[in-house]
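Heads up, the next two complexes both have subunit A, just with different partners, subunit B and then subunit C.
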Partner chain A sequence: MELINYVEIVVGVLLIVLAFLAINSKSLIKAVMFLSSMSMMSVIGFVLMKAPDVAVTEAVIGSGLVTSLFVFTLLSVRKVGNKA
Partner chain B sequence: MIDIIVFGLVGLGLLLAIFRLLIGPNTQDRVVSLDTINVIVIGVIALLARAFNNSLYLDIAIVYAILAFLETVVFARYLEGRKHGNS
Partner chain C sequence: MKNFLALILTLFLGFLIMSSLNNNIAFPKFGEANIGDRVSDAYIDRDVTENPGDVIFGETDGLESGPANIVTAIVADYRSFDTLGEVTVLFVSALGVALLLGTKKQKRLEIDFHPNFMLRVGSKALFGVILMTGIYISIHGHLTPGGGFPGGSMIATSMLLLYLADDNFRAKVKGFKILESIAGSLYVLIGIIGLIIGGSFLVNILDTGVIGELFSAGIIPIVYVLIGLKVGSEISNVIDNFLTEEGA
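Right after this comes the complex of A and B.
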């Protein structure tokens, strides 16, 4: 096996572990952090599969857009819940 | 031979950063470990661009570096808003 195959195995195992932690964590901000780190690992996975355009799209959407949307939604929900 | 050592050390750093993300006592430790994982991922993409002999992958590293900064700022905004928004 080449070195790249071992890197692919490590990235795949980390993807599964981080996805399991993201759906099983208690607090919501912790789940958003695990989802963000899973998105990072999937960027490395797309680079390893030699798909650079998919990796750029995943980096823009997964790391920038989805994390910002979830964090600002969590902030606004908590603020409304404290006022009521 | 040098690639095995470099990828092994980078993978060890990634594993320790994920361990800190898992067991971090409070949210600030987790945000700092997320920033560390971002830097490690940018380094891995640059190392893969060297291993594939293709400079197209460096564009991914540039785009990812800009968005990693935005992500850290968004998490910092969350921590600040949680502290001030209790009234």
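Right after this comes the complex of A and C.
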């Protein structure tokens, strides 16, 4: 086995572990962070599978926009809850 | 017990998927598929000239589509009508967000988060870099990976960074709306011009030029720049709608 195969296995295992953590973590902000790191891992996976176009889109939308929108939403929801 | 049953069910489903994919003729191992059997081969070899010969980067000219990135050739030329549909889907979703959240008098949403000095200065330094990367990716969509959609999203991300860095920042939303409608209308207009001159909607009417140069591939760079502007302004509008609330 070459080095690239080991990298693929590590990325795959990390994807499963991070997805499990994102579903099962109690704190919502931690779940968002795990989801973001899962997106980053899938970016590496797409590059390894020679799909750079998909990798660029996933990096921008999955790790950038979606994560920040989730974080903003969590912050504003918490504030409304404090007021009530 | 419930978790245990879920684990058993997941393992069983995984075993079913793995056993059906293993030794399946339709799913060869990664990197071992015979490209000659696939549709993509027809796109790679496609040319209007009788014998195109070898396509050499930076030398061959007069190809049918002409971008160096073959994904772009399919997304923005052969299947450009699909891309128009995707842009429409994004437009409808932005319209829905604006209908639900847009109000006449708006102010910034007060969230329990105040940027410190490092975030304010750092995001002002990073804003230009991210914006220029987004514009670069949009313009070079026919040469390098990426294109209008990731480039436009990157432009919107730089706007989001400005919102993050300043409590009172509001983008000039009206300009974004005008930019978005102009870009969308120009995309359809290019398609109609192709219909009049070339005989079918969104056909590549311009000279395709030498493969690998910035000004090549006919209408593809124009279409991708328009898509980048449209997506960027649309997502910036959505972000602005999310981060404002009713009030003076």
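Definition applied: the second predicted complex is superposed on the first by the 84 of 84 C-alpha atoms of A that agree within 3 Å, B and C clash if a C-alpha of one lies under 4 Å from a C-alpha of the other, contacts with A are read in each partner's own complex, and residues count from 1 in each chain.
Throughout what follows, contacts are C-beta pairs under 8 Å (C-beta built on N, C-alpha and C of every residue); 3 or more make two chains touch, one makes a residue touch a chain.
Please read these numbers as outputs of a predicted model, since none were measured by experiment.
> Mind working out whether A:T67 is in touch with subunit B, subunit C, both or neither, as first, second, both or neither?
It touches subunit B, and subunit C stays clear.
> After superposition on the shared chain, which partner residues are touched by A:M49: those of subunit B (first), subunit C (second), both, or neither?
second
> Would you check which partner chain A:I29 touches, where first means subunit B only, second means subunit C only, and both and neither mean what they say?
First partner only.
> Could you figure out whether subunit B or subunit C reaches more residues of subunit A?
B
> Quick one: is A:I9 in contact with subunit B, with subunit C, with both, or with neither? Answer first, second, both or neither.
After superposition on chain A, A:I9 lies in contact with neither partner.
> Touching A:L21 in the superposition: subunit B (first), subunit C (second), both, neither?
first
> With the two complexes superposed on chain A, say which partner A:M40 touches: subunit B (first), subunit C (second), both, or neither.
First partner only.
> Where on subunit A do the contacts from subunit B and from subunit C line up?
After superposing on chain A, subunit A residues 52, 55-56, 59-60, 64, 68, 72, 75, 78-79, 82 contact both subunit B and subunit C.
> Using the touch rule from the top, collect the residues of subunit A that touch subunit C in their complex.
Subunit A reaches subunit C through residues 49, 52-53, 55-57, 59-61, 64-65, 68-69, 72-73, 75-76, 78-79, 82.
> Going by the contact rule set out above, which residues of subunit A touch subunit B in the complex?
For subunit A paired with subunit B, touching residues are 3-4, 6-7, 10, 14, 18, 21, 29-30, 33-34, 36-37, 40-41, 43-44, 47-48, 50, 52, 55-56, 59-60, 63-64, 67-68, 71-72, 74-75, 78-79, 82.
> Note which residues of subunit C are touching subunit A in the complex, please.
Its residues touching subunit A are 30, 69, 71, 109-113, 137, 145-147, 149-150, 153-154, 156-157, 160, 164, 235, 239, 242-243.
> Can you list the subunit B residues touching subunit A in their complex?
3-4, 7, 11, 14, 18, 21-22, 27, 30-31, 34, 37-38, 41, 44-45, 48, 51-52, 56-57, 59-60, 63-64, 67-68, 70-71, 74-75, 77-78, 81-82, 85-86
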